[in-house]
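Notes for the one structure printed next.
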Amino acid sequence: MNYVEWLRVRNALRVTAICLGISIVVALVVRISIAAQFGSTHDIVNRLGAEKDTVTTHSVVDGFNRTTLTNAREHTVVVIEDQADGSKIIQITEPGNSAHSNSVSMGPVRVSTSESGGVEKTTIETNRPVPFGIYAAIAAVIALIIATVLGAPFAKENDGHLEIAFLKPVSRTNNALGVVLADCVGILVAEVMTVLAFAIMQAFFEVPHFDFSGINSTAILLAIALPFSWYTFLNASTASLKRGAGAVVGLAWPAAFVSIALAGLNLGTSIAGQTFHTIFWSISRIFPLTYVQFEGHDNDLSSLGPKLMTTAAILTGLFLVYGALAVVQWRRVEA
Amino acid sequence: MSTISIKNLRKTYGPYVAVDDLTFEIPDACVFGLLGPNGAGKTTTFKCMLGLARATSGSVLYDGAPLVPETLERIAYVPERSVLYEWMTVGEHIEMQRRAYRKFSVARARELLAQFGIDLRKKARALSKGMRTATMVALAIARESDILILDEPTSGLDPINQRHVLNLIINESARGATVIFSSHQIGQVERAAERIAVIDRGRLALEGNVDDLKADRKIVEGILPSETFALNGLAGDPHILRLDRNGRIVRAVTSSDAGEVLAKFEALGASGLRIVDLNLEDIFLYAVSPADATADVVEGH
Amino acid sequence: MPVVLTVDPRSGVPIYLQVIEQVKRSVALGVLAAGEQLPTVKQLALDLTINPNTVAKAYRELERDGVIETAAGRGSFVRGNGSIETTKTAATDVARDAIDAAVREAKSIGLLADDIRTLASAAIDRWFREDA
């Protein structure tokens, strides 16, 4: 591992740790300040139970507390069941016919509604297992930022430090690989730090359970392959530059988005249209970000799995190709 | 053994010829001075020697073999401008070099940096130009390498530190290292170097042992009977590098055998004959200045 | 072994010759006594800030001229066991060079041999007057 690059990585990770640390502190502050409102069963009961005409009954089912709040006048029943893991299931039954059968998950909380015969039933489940894919996605975003920050290591050496970098008694290839290794380790560490930080933040509210099934595991592969391939893409784009690497890295994001947008345009069936479409489509294939477009597959998870695997494989391939391209370029740079 | 042979070295950048047909040898354990005006090609020569630039043609051989990564273990280089990482401390630079090379004396590095008065905790960007040069010199000498190459190692330094660097170079030479250094301070080269090469506009203008050059290159001066006195083709003499005439005074810069040239002056009828010694600065200036200078002749001492 | 030599690299005279001349002068003046040890090559190089090989070359010539002798592993020492001969040889060498240079210079500015002899005699009279 290249020592200088490792120092750069360490600095980037330090900033990441500080930002994550601040987030944790903010989450802690939020947690403490809304402690009053956030649901222990006792609090919910106190609030709702204090309403007029509400009758509160307590019972124990299968060893766990069940609190029922009945408001006969408004025909509303709220049942709160405490679960073994400290989470709750809250069922609200009330008159109404506007709700459709629906189920929405936000992280650990799932809200399901159904309606039949003029009666709406809303079920709130807290602390359901969190699909790890969400965590992986957040980590991937942070990793993309780190990959961008670390993205032009060869260019940084080219800008006046080759008399140190290229006079080491190792082959330039090994030198280059040592730099790439340090950056990749840094990206991985940043992802782990992010996952840990978010788990801690969630734990302030409820200890998280993770669902690693199916695409959640594939998401991990993707969360590594995407920032890695973006990093080597940036590296390959700047490996021969002495100056101006910052501009290239800065423009890479907008360029990627513009390219993706252009590739998605429907330019008609004319020869010109088809040609331009092919050109735009081809250019967009250069950017690793292009491959992570998924159109609304929330309900179709079965087909998403293989698609994610393919994408991860493509991105891994890009990681290797761009990495090789960067190393080959750097070997030929003259001081 | 650490001899360096440079053969027909040519380096072009597009249409610009930086060095052309350079050939000279740096013997083992020699202190070799590289002189030349700004832009002459000294730094390019160093870059080609170190593999930092690819020679367009020609070769640089170390003990007969081309440069490979392993050779770099034996070579330490101090570039002309600062290559330190602005955001790293001096101490971190020490650690960097310690990890990169098998032979690196952390104690010696610290000792030298202390002598220069450099704080290890300072970031490179907080150092003055001279202190950055001194840091690079200290890091290079701590390598205790067989070959030490320094490009303007005293630039930006005050006279005390300049003398200190010169002493470090002499110490390295006494240790048996081969030292190559370039400097615009010809007095420094004169003290420390045994052999020199002068590069001018990419070409080798002069090369040799300093004492031999001083013994061979003299000014023979004479006073002619009249301002229009014919010189009878004296300028074509093989021992005469250039002939300058100022009124009745004629001066010849000799490449050897000043005594013979003196005799020729005498035979021609000149009087007031004398031989003037040249120091290295004079020798250098004559080597790089245009050959047709007439009125302005640099005085020797 | 404090030896005070000075060299002027800018003088045009090769440095090793200056070192030789100065050592001989020191011996002639008795500043360097017979049997006294000279600084090591490395030490003198550092003291004078000159190339060590230059010092080595000077020492070799001094040895060849019989002014010093070098014992391997022990160092270089001024030759002789206090004999006047060594000192006188060194003194003669130094003086010869100085007089040679003076005569050459005088000739170059146009003096004739007799003029120079007259000047030399006058100088000798002047400098040795107090000894009379």
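Going in written order, the chains are labelled A, B and C, and every chain counts its residues from 1.
One rule holds in what follows: a residue touches a chain if its C-beta (ideal position, glycine included) is under 8 Å from a C-beta of that chain, and two chains touch if they have at least 3 such contacts.
Note that this is a predicted model, so its numbers are computed, not measured.
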item: Chain located farthest away, centre of chain C as origin (C-alpha); value: A
item: Centre-most chain, if every chain is reduced to its averaged C-alpha atoms; value: B
item: Distance between chain centroids, defined by C-alpha means - chain B, chain C (Å); value: 30
item: Mean-CA-position distance for chain C and chain A (Å); value: 85
item: Distance between chain centroids, defined by C-alpha means - chain A, chain B (Å); value: 60
item: Interface residues, chain C side, partner chain B - complex; value: 9-16, 41-42, 45-46, 48-54, 57, 104-105, 108-110
item: Residues on chain A engaged by chain B in the complex (per definition of touch); value: 3-4, 7, 11, 160-164, 166-172, 334-335
item: Chain B to chain A touching residues, read off their complex; value: 47, 50-54, 69-73, 75, 77, 79, 81-85, 87-88, 92, 95-96, 99-102
item: Chain B residues within the chain C interface of the complex; value: 30-31, 163, 166-167, 170-171, 173-174, 187, 190-194, 210-211, 214-215, 271-274, 276-282, 300-301
